[in-house]
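Letters A, B, C and D name the chains as they come in the text, with residue numbers starting at 1 for each one.
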């Protein structure tokens, strides 16, 4: 993954999060407090506001800078969680000018470990980890198209879970029956990246 | 009208007001504050609570005693207005043991004058006076059945009026289109008296 | 009905019991007359300040009883003026050689109950006077109507006469001060939803999702007109225009500004309204000397707010700034 | 949406501007960090007391800034914990040689923001400690969850640490006091309606006409369970049972009793709840030493209430009785 492709991915994430503000917020309204879409959208807007000034020395530096903006400017649970993900991914990327597929997967695994540590959470707690982990596994074995399919299935499957972390956990058994907002957001973002990636690949 | 018939009329008024609490309250909700049914019902309940202890020396005394209870225990606009009506009617009846039809009409006219003075209101202001006055006129000329017909027509006709007194007056032109709660209450009460009166006449 | 209520007939009594229980020592409750009074009232060296009105306007007025405020309040049922008896008995209980001032919001029922109650108390030797509050600019004062309503501006009259009475002023002086404050106080209100009287159990009227009632009083009745809902700033501009041009308040004036919640509107929104009003007053060259943002005079659970201005001078400002306590508990 | 709102994105900023405008001289507003602080803070001879949290809980916490209460509050957006930056900058601005106490309601987002913000401030030489409030008995404290939520009981922690800090107590001592109060404070809440976040524009969930949410927090989310609506007394009995048996509070205890409105419920109803709670506590041999009936920690316009008990001893009672001022204006 080149610097340009890294930029592209982050930009798709940001724009897709902004577009889906209402959808993500509605997902968080079922057993949460409805602010998830708003938090992500406002945060990524801030990222885009300072977009041109972000340090683009290499993908790792770029991701870390994104992580700092996200961690410091997005509120709610999502700021620290998503920011940590970006920070750890950036750190794992080191100063490589271009990342191999294996390095991208390692980067995602680092992000996952960071989120687990920050959120004191794990797979099965009904959080975005339940989309992120299966997605990363699929990416490692089958590439982006496989990841896009896996992530949607995984996000849908969170409907069967009882939340053990996050605000949904307060409702206990009642959290069963609706998908986790964070997991579904990951699915939507990855699908969008997968859809737009070929064009990007062509263009680069 | 004998003492027994006077008692009967007041009792019908009290019971009918209590039965119609919701209806009268709903009428007062359209351009008023919805408390009319509640105020009348609670007030007449209090009258019935002390019913047996009311002085029955003669119809006039009895009506005055009722007026005191109503004036002092019913809140809102209705307590003073209705209480004044009863007080003035009782005063007009003097100490006669039995009242002629002409005396009953004079009593009602006295009640009307009292209400006008107390409320600084007159016919045409869209208040209970707009039912009470035509009703009294019809009673004078055609007796109770005629009064019952006239009062309903008069109450219905208040829908065309713009309120100049009472809470409905604050809404100005918007008060047009709905009947006045007080006027309609008078209609319901007089109709009920008219319906039940023959039986009472037989029984007495 | 989305309310905490038992038998609606006990709504007022239970609330008053609650007020009494929350203020042991400070307040006395006389159930027979819905009366909440300061335990240390009446005071022979102080004019007693009393207010009635319907219930449903809390904290007005039972929770405004306290040092430097009311000596007593005797509310009627929800939205119903107190029966004459309550006024009569309250005036007797609060009787002081310095006199009793009966504050009345200008409504037909309240005025009748207070006129009659005062007359009866006077016959029993009580020295009493009535002061009527009528700050609502939504109602045009004309010979056809009973005149302007008393709404949230009553707080300022209570505060001023309460302070004057506490400072030992004579009855005439207390009345002068009260009239003076009433004369420079103007209010306009707007409702976003109808309220639900407990005995009725459903909203007093229906209001479309994009509608509001402009020019409402405090009894849940519809207002002067139904309008399309606007954003907060535009609503404030309309309220302010109506209030400012009425007295009118002029460039160079110093005012107290109150944003009063009608019961169902949260504090956050009231401050959003306050902000705009403050800014627009500055644009007009009018200085906000004192700020009031909270619920002062409500209509049960109605979502809505009113905006009140009081033109200040040193005397009024001093009275508003004087120490006071109220039954409604903050700390 | 029946709210006074302009662009929902400006909801919090406009509210904070309003708070600042309503308290000129007393408060300072720093827009970049949603920060409301006492103009005279920080004070070198006093521990600074700071609280974050999402917005939508007003008067908590921006309107609780004042002498004897908070030195500053830095809220996030509606129902969203403040970004780490706000905490970091606030801690730096409020830095005092005696230390900064960061009060945190126990939620995942708030804890992460405060942990990270504190770490960063410490790296800059700020002496800071965190005190977590978790008074909500609706949430079972277990290893599966982040633990109990901080809800309306936070008022008592703020009041106590605010008083201790004002009296010059050292950071350790202030923390001891805060923990002590938190440990004897328990809350349970119920919602009659869902609230409407301004950015969403519609209620967070639908609730049938005869339903209520039992065991709610303060973010408008559903509670532990949906129940059939009951009358006010029965609801109080259920809330009280949950709260009393949790600590537990025992015969002979002296308590502070708070009935906190969630935003859309009028004062009259809160006093009806208070009355019953007071009576039932008396039945259990528990004495109410201090009474609190008002809105302290809300969920926007949600109709509902919470019941909080604090077990009193002389130390806590003294701190609760200590003088205090808050931005939320009553007189």
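As a convention for this text, a residue touches a chain if its C-beta (ideal position, glycine included) is under 8 Å from a C-beta of that chain, and two chains touch if they have at least 3 such contacts.
Since this is a predicted model, take the numbers as computed values, not measurements.
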Farthest chain relative to chain D (centres taken as mean CA coordinates): B
Chain centre separation (chain A, chain C; CA means) in Å: 54
Between chain A and chain B, centroid-to-centroid distance (C-alpha), Å: 73
Between chain C and chain D, centroid-to-centroid distance (C-alpha), Å: 29
Chain D residues counted as touching two or more neighbouring chains: none
Chain contact topology (line, ring, star, complete or other): line
Full enumeration of touching chain pairs: A-D, B-C, C-D
Contact footprint of chain C on chain B as seen in their complex: 22, 25-26, 29-35, 38-39, 42, 71-81, 83, 118-120, 164-172, 174
Contact footprint of chain D on chain C as seen in their complex: 1-7, 11, 14-19, 21-23, 55-56, 58-59, 63, 159, 192-193, 209, 229, 231-233, 235, 263-276, 278-279, 288, 291-295, 298, 300-301, 303, 305, 320, 324, 326, 328-331
Chain B-facing residues of chain C, complex: 9, 54, 76-86, 88, 107-109, 112-113, 116, 138-139, 144-146, 149, 197, 199-200, 204-205, 217, 219-225
